[in-house]
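Here subunit A shows up in two complexes: once beside subunit B, once beside subunit C.
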Partner chain A sequence: MSFWEKAEQIDRRWVYLMVGLAVIVPFIVPAEFPISITPESRMLYDAIEELPDSCTVMVVFDYYPSTIAECEPMTRTALHHFWRKDCKVITLSNIPLGGPSMAESVTREIAREYGKVYGEDFVNLGYKANYVAVLSGMGTSIESIFPTDNSGTPLSEIPMMDSIVNYEQVSFIFEVADNATADYWVSIVNAQYGVPMGCGTTAVSAPKYYAFVGSGQFVGLLGGMKGAAEYEMLVGKKGKAVIGMGVQSLVHLLIIALVILGNISYFVLGKHKRRLS
Partner chain B sequence: MSGWEIFEIWVIAFFTLALFSFMYKDNPLYKVAEHIFAGLSAGYYVGLIWDTVIITQLWDPMIGGDWLLIVPGILGFLMFARFFPKYSWVSRTSLAFVMGVTSGIFITSQLHGLVLKQMQATMQSLGGGGGFGAALLSIIVVVGVISTLIYFYFSKEHTGVLGVTAKVGIWFIMISFGAHFGYTVMGRVSLLIGRVQFLAEDWIGSFKYIF
Partner chain C sequence: MLKTTVPVGVAFLSGIALMVSFFFRENTFVGSISQDLKIWLTIVGGFTLLLGVVSITRVNWQAVKNRKEGWGYKLLTLVSIFAMAIPAILPASWSPLFGRNPGSIYHWLFTYLDSPMMATMFATLAFYIASAAYRAFRARTAESTILLLTATVVMLWRVPMGEAFLNLFPGNIPEFLNTYVMNGANLAVQRGIIIGAALGAASMSLRIILGIERTYMGKG
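On to the complex of A and B.
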């Protein structure tokens, strides 16, 4: 049996093991790969930089805990970016599983670093079912959709919300999503109310959303862990995404090698002839 | 780190490793983790919908005097008629309402916010600034959109000019699939990295508090 025939019959668990090792080893011996900045990440960074200081922004936690590795570095870095500019931050989520609690823990952790006070500098509106009604309704009145914040405090008792009625007082929305809710933010909020939006999304969804950058509906886009790492580099807050990209690059090299080997084997064993005949 | 936090980390680590064990082969530990996840998710959703929809958006405002909400309340209740074949026709009233409202909201927002905007972005002027590179990109976008649409035009046999254009469309679709596959690999690897980061930092990090 030739090498290629043996390689054809390899147990897939060896591939799992190789991928597993490629992920684990860089945690023991850190691997650093250069991270180039894509125009879409740069555009998002520049758009936020150009926002007026102390303006009000929304950070939307539309992702499940399963995609924390990709999405959380985006929200964390965005909070650093917004609070450096002294922005007022409203957080909310259209994801019931984990969204509001992740918003709560991440914002409170980073707020301590900047001395931000809940109710004065940031508010977590939490989760409300039926995102279409939520997104449309906030165009008229945020308080009618979220009468209370995530912990049940009436919005009327929160000082920061005194001057915020609807999207007119919101200068920018940063949507971080691992699902199709970004479509509705574009089609309802951006298209109908004209609020500028940026988006961070999982790698799986990224190809779809590049079209929204081309059409100007998103001012910029962070695609997956790579996008998150680029944003961390731009903001100067290297975190888990930058570390993860070293691992990511190593696994990509392994997968590319396996794909090339698989294709060589395909031709060497003459499978292409059988297919053609 | 409190005892409760350490317990939480160990529970998460146990379920992560139990689910990973499937990569070796199917086993009882994996089955236990899978069933607990399915049960917990279902229970959580029921509780969440009860609290955030039935209580917060229906019951509380109704008790507060907004009695008009009884109309959507009844419409929602009628949906349960589907469980009884003899009376399932009653639920059609609610379904008709849902379909009408959904169509009304979605047709306008999707058309206005997605279709028209994307069409507008496809029809960029070649002399609109950005130089030769931008003009070339605009041409590629137009060729890609038209050839892909023609590939999905099945009312005429794909021969002659139509056939050649459809073949160009296939190339665009293949390149798109390649990009999607590449990003999907990146996404899945990111999920694995997330779990390994948790195991390496949080779980192994908790050992010093125990051992």
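On to the complex of A and C.
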């Protein structure tokens, strides 16, 4: 049996082992490569920088725990960015499974760093079913859709919400999503209420949202862990996304090497000729 | 009548009300009806979640009761649902273990069981993708060759090591990829898909409002 025949029939467990090593090795031997900034990430950063200090913003946790690795660095960095500008932050989620809990944990952890107080500097509205109605309804009154916050405290008892009625008082929305809810934020909230909006999404969803950046409906876009790493670099808060770049680099290179190897064996063994005949 | 005419009537009236209200200001009569409908929609949405819980409980409980194959897993499903749901529903004022705040049973189960399990499930995709790419991603036709080459250079561009490699070649390949692949070909195709899907959704909504489309009621 030739080398190429052996390569063709390689046990998939060897592939799994190689991927496993590619994931583990960069954590043991970290190597830092320069991370270039794409225009889409720069645009998002610049748009947030241009917001007036102490304005009100929304950070939307529309992702499941399965994509924490890609999405959480975005929300964390955004919170650092907003609180450096002393913004008031409203968090909410259209994801029933974990969104409000992740918002609660992440915001409270970063709030401690900046001495922010719940109810005065940030509020977690939690989750409400039927996101189309939620997004549209908040355009008239946030309190009518979310009468209480995530812990059940009436919004009327939360000082920060005294002056916030609907989207008119919200200067910016940062939507972090691993699903199609970002489409609805664009078509309902940006298109109908004109609120400036930025988006962070998983790498697999990012190509779709270039269309909304092109149309100006998103002021910028963070695509996957690379986008999150770029944003961390811009904000100057290197975190898990920058560390994750080493892992992602090796896994991408491994997959590319495997694809090249597979194609060489495909042609060397003449399978393309058999297919044609 | 209750099974067909009433649901069609409700769909028609709700759809028309929401559609018409789009053209009215919020502080008008039509605007206020629309806002009430949106609040109702969130309440109905909550009940659909409850319906899901009832349904999954019934199906799994029957399997456990009749000792069907894999009944142990179904029992685990039921235990998991209620172990997370009941402490989360009970008011936090009764005990710090109830509710959904940090320190509650729900929050502990979510942080230390649910979240890592979901992340692990998703992470295993990397292993399958690597294996599948090795076996199936072949330059069989001209189209698949274009896809393969584009995917390879975009994958290289999206990681620092790959980008450093691409920068060894003349002609600023990363900028070319961002301008002509992502913001060129990709953007144009995505726009086509988005517009097509939106037109499809609009026509389907109209069919439902007018009662032509009844498959959502189990009718042909």
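Convention: the second predicted complex is superposed on the first by the 277 of 277 C-alpha atoms of A that agree within 3 Å, B and C clash if a C-alpha of one lies under 4 Å from a C-alpha of the other, contacts with A are read in each partner's own complex, and residues count from 1 in each chain.
We take it that a residue touches a chain if its C-beta (ideal position, glycine included) is under 8 Å from a C-beta of that chain, and two chains touch if they have at least 3 such contacts.
Keep in mind it's a predicted model, so treat the numbers as computed, not measured.
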Simultaneous placement of subunit C and subunit B on subunit A, clash or fit: clash
Subunit B versus subunit C as contact partner of A:Gly262, first or second or both or neither: second
First (subunit B), second (subunit C), both or neither touched by A:Ser2: neither
Touched partner set for A:Glu104, first subunit B, second subunit C, both or neither: second
Touched subunit A residues, subunit B compared with subunit C: C
Which superposed partner A:Tyr16 touches (first subunit B, second subunit C, both, neither): both
Subunit B versus subunit C as contact partner of A:Gly137, first or second or both or neither: second
Touching partner for A:Thr38 - first (subunit B), second (subunit C), both, neither: second
Touched partner set for A:Ala211, first subunit B, second subunit C, both or neither: both
Touched partner set for A:Gly244, first subunit B, second subunit C, both or neither: first
Subunit B versus subunit C as contact partner of A:Ser54, first or second or both or neither: neither
Listed stretches 20-28, 74-82, 92-100 or 200-208 of subunit B, narrowed to the one that overlaps subunit C: 92-100
Residues on subunit A lying within both footprints (that of subunit B and that of subunit C): 16, 19, 23, 66-69, 96-97, 128-130, 132, 136, 183, 187, 203, 207, 211, 214, 223-224, 226, 248, 251-252, 255
Sites on subunit C touched by subunit A in the complex: 26, 31, 35, 37-39, 41-42, 44-46, 48-49, 91-92, 99-102, 106-107, 110-111, 114-116, 118-119, 121-123, 126-127, 129-131, 133-135, 137-140, 148, 152, 155-156, 158-164, 174, 178, 182-183, 186-187, 190-191, 193-194, 198
Touch list for subunit B against partner subunit A, complex: 23-24, 41, 44-45, 48-49, 52-53, 57, 105-106, 109-110, 112-114, 117-118, 120-121, 141, 176, 179-180, 183-197, 200
Complex interface listing, subunit A residues touching subunit C: 10, 12, 15-16, 18-20, 23, 33-36, 38-39, 64-69, 96-98, 100-102, 104-105, 108, 128-130, 132-134, 136-137, 139-141, 144-145, 150-152, 183, 187, 203, 207-208, 210-211, 213-214, 223-224, 226, 245, 248-256, 258-259, 261-263, 266, 272, 275
Subunit A residues within the subunit B interface of the complex: 13, 16, 19, 23-24, 27, 66-70, 96-97, 127-130, 132, 136, 183-184, 186-188, 190-192, 202-204, 206-207, 211, 214-217, 223-226, 240, 243-244, 247-248, 251-252, 255
